[in-house]
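Should a chain be cited, it is by its letter among A, B, C and D, assigned in written order, with residues numbered from 1 in that chain.
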Amino acid sequence: MFSRLRFPIIIVNFKAYQEALGKKALELSRIAEEVSSETGTCIAVAPQAVDLRLISHEVKIPVLAQHADPFTPDRYTGAITLEAVKDAGATGTLLNHSERRILLADLDKTIKRARGLGLATVVCTDTPEVSLAVATLSPDTIAYEPPELIATGRAVSKEKPEAITRALNLIARVNPHLPVLCGAGISDAEDVKIALRLGTKGVLLASGVVKSKEPYKVLRAMAEACI
Amino acid sequence: MFSRLRFPIIIVNFKAYQEALGKKALELSRIAEEVSSETGTCIAVAPQAVDLRLISHEVKIPVLAQHADPFTPDRYTGAITLEAVKDAGATGTLLNHSERRILLADLDKTIKRARGLGLATVVCTDTPEVSLAVATLSPDTIAYEPPELIATGRAVSKEKPEAITRALNLIARVNPHLPVLCGAGISDAEDVKIALRLGTKGVLLASGVVKSKEPYKVLRAMAEACI
Amino acid sequence: MFSRLRFPIIIVNFKAYQEALGKKALELSRIAEEVSSETGTCIAVAPQAVDLRLISHEVKIPVLAQHADPFTPDRYTGAITLEAVKDAGATGTLLNHSERRILLADLDKTIKRARGLGLATVVCTDTPEVSLAVATLSPDTIAYEPPELIATGRAVSKEKPEAITRALNLIARVNPHLPVLCGAGISDAEDVKIALRLGTKGVLLASGVVKSKEPYKVLRAMAEACI
Amino acid sequence: MFSRLRFPIIIVNFKAYQEALGKKALELSRIAEEVSSETGTCIAVAPQAVDLRLISHEVKIPVLAQHADPFTPDRYTGAITLEAVKDAGATGTLLNHSERRILLADLDKTIKRARGLGLATVVCTDTPEVSLAVATLSPDTIAYEPPELIATGRAVSKEKPEAITRALNLIARVNPHLPVLCGAGISDAEDVKIALRLGTKGVLLASGVVKSKEPYKVLRAMAEACI
């Protein structure tokens, strides 16, 4: 069920984790939906491609693809087109994640095509300068993630607050209304609180929730931190 | 519903075609299932990643992914793991299609991992020599497709019979029981007949069925040519 | 012999053409040097990697690599580092050519590293929007080239003047002093004249000179058009 | 000065190391030439692309590129063609190094093209199975290197003798006269001796010589181990 991105937002990236595949992906998505409904905070999930359709149809929170190719529907064996992402019921897609970087030329093309299709784009960036460059392409959201902190449990909001501030300032110059998230190492409500205080509109995280033994508890605390 | 590959076989690759996405992918898969059931010829479909789970659960013919990444389930945003392919209910995966070539090192890794997971691999090749090289890695099937004929409507079995024979001979030296298909430009029953007469165990095709106005009729004739 | 980029400029990309390899690359570079010296117009050449050192030592015009990898000197077999480009005596490097696109993240890294090493960067772009995005990364020059016109002989300055104007306007907003070139299909002095009249600081071209039977004559006319 | 590969052989890969760039690459190549001349053992060097021509013209030992692209000379900005490698005076090229893997389809194409141009190919492989697959493509030499040991100083010949034996046996089945090298962690004469005793025709190494304070001494001992 198609649902728009609202801010502040918590986006949970399921990556290619076994703990977030198939039935488990659905369970995790239902937990996210429950927490979202209880707290009013927007929580989006980014499941694996094979789970996109299943989850989009079972939950009422925004569902994002983890990646989409720049191609139009045609002779592109193995590609995941934006049209397929849309047909699967997703709200949009992550793009340029540090584990799936894309060419600058493809990024422009894909953001434009997504806009035409009514799909939201959340573009990951690794430096304040790249964040500025991406901001000029007008995606729907930027998620600034210093790659060296991803999956470390050391939160970007605590370790690199000045880099977040710098990214926000640069982006504000060219695109002042663009919502910016931060990510990398986000693992508890405190990390989220600091991120929001710095001026971001939310967080992108993965292992902090997916690998947690108590995803409900972790997400609930984070969602409350957003209120 | 998991179903094994049987030979002779017709594999229909849905590529990223709009005509074979979502509902239309399901319709096409049902047609393939119907023809397969009526004729006894094995017909497999290779839908887009977002459709794998849906189709695997709705039809009783083999369903293949169009591509799988070499990664184990872990921090690989945007990847399609073999575990995801299996969880989605697929029988196996195409690998190294001309529109999605993979590294030799990854091919070895992926074939081995697929074997361990009980997934079938259908590896595409572009020359008789590459076919021989791939045969030594012992995939479940090889689909030899000269790229210059793909999507031309000029069938490999008519245009390059001697190349097919050469590929078959080379493969037989190292792996005599490996079933070999051919592909590229296959568009009617006659093309299929010639392919089988040359010694292949079937065909891999796409536009010939996906872009046809009468997919049932085309597939039915092809399936009968296999009896 | 190291020589700085001056504007207006004509950059001749030798691509992987046989007509611009080894001895022929040197001859062509000497012609460029001669024309530059006669007319006062800056002409730079971008030879193949194996010719960089030879040509940098034989001519006194700027020599550019066609591509450089983002890596620092280390365990990167097959890489062309910026340090190697510099050691070979080049002035800088082209980056992100349509035939060798790079990841956005690598572009940022490479521009920053080049700056630190005193190497000039000429970044190719394919749309006005990508030009704007690249401008925020502050390369030394941008070369806007609509890929569909490359190697056609139909000059971008005649076929897409409004796109050039749009690129110039977008870039001026964030980086008003950044020199912008245009490329694709540039084949005679008239094309160059129009390009300069539109506000660019020169052109990037390849086959128009490399494949010409009279490269001196073509270049000479183009260089005069810049005076 | 063009020089053929002879066996046993020691191939020194300069990678993108700063210690083996430009003047230092030339010094190192002269040391290799000296040791080769003193001991009679064939020693080849694989310098960075920008140094290929310089070194090929200054030493009389075989010089190899570290990588070559599959493309014919044409519109391929940034590519290193086999024609450029040949024009630069090199004997041949490494292919498919673990730090620069190539597509299976490109490997076939590049080996065939190199043969036509009279260039030698040394193809790196990471498993015994991939070694077998590559052997069927008939390159001039295979260098089996388990990637997990590269740059560790823990020699493949000591750590994985059974894997080397397995690779040799598999290759012998399809191509009994193909010389096979091993690499990864090779750092002294003892490592080389064991490698030869296992049946290889030499070694491929990098840091063991390039990062050594006494490259002459290390190479000399290794070359003597080959007599």
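We adopt the following convention: contacts are C-beta pairs under 8 Å (C-beta built on N, C-alpha and C of every residue); 3 or more make two chains touch, one makes a residue touch a chain.
Computed from a predicted model, the values in this text were never measured in an experiment.
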**OP:** With centres defined as the mean of C-alpha atoms, identify the chain lying farthest from subunit D.
**Re:** A
Original post:
Can you give the whole-Å distance between the Cα centres of subunit A and subunit D?
Top reply: 44
Original post:
Hey, how far is the Cα centre of subunit A from the one of subunit B, in Å?
Top reply: 34
Original post:
In whole angstrom, how far does the Cα centroid of subunit B sit from the Cα centroid of subunit D?
Top reply: 37
Original post:
Of all the residues in subunit B, which ones touch at least 2 other chains?
Top reply: 98
Original post:
How would one label the connectivity among the chains shown: line, ring, star, complete, or other?
Top reply: ring
Original post:
Can you name every pair of chains that touch?
Top reply: A-B, A-C, B-D, C-D
**OP:** Can you check the complex and tell me which residues of subunit C touch subunit D?
**Re:** 13, 15-18, 21-22, 46, 48-54, 66-67, 69, 71, 73-81, 83-85, 87-88, 94, 97-100, 150-151, 206-207
Subject >> Sites on subunit C touched by subunit A in the complex >> reply: 96, 98, 101-108, 112, 125-127, 129-130, 132-134, 136-137, 170, 174
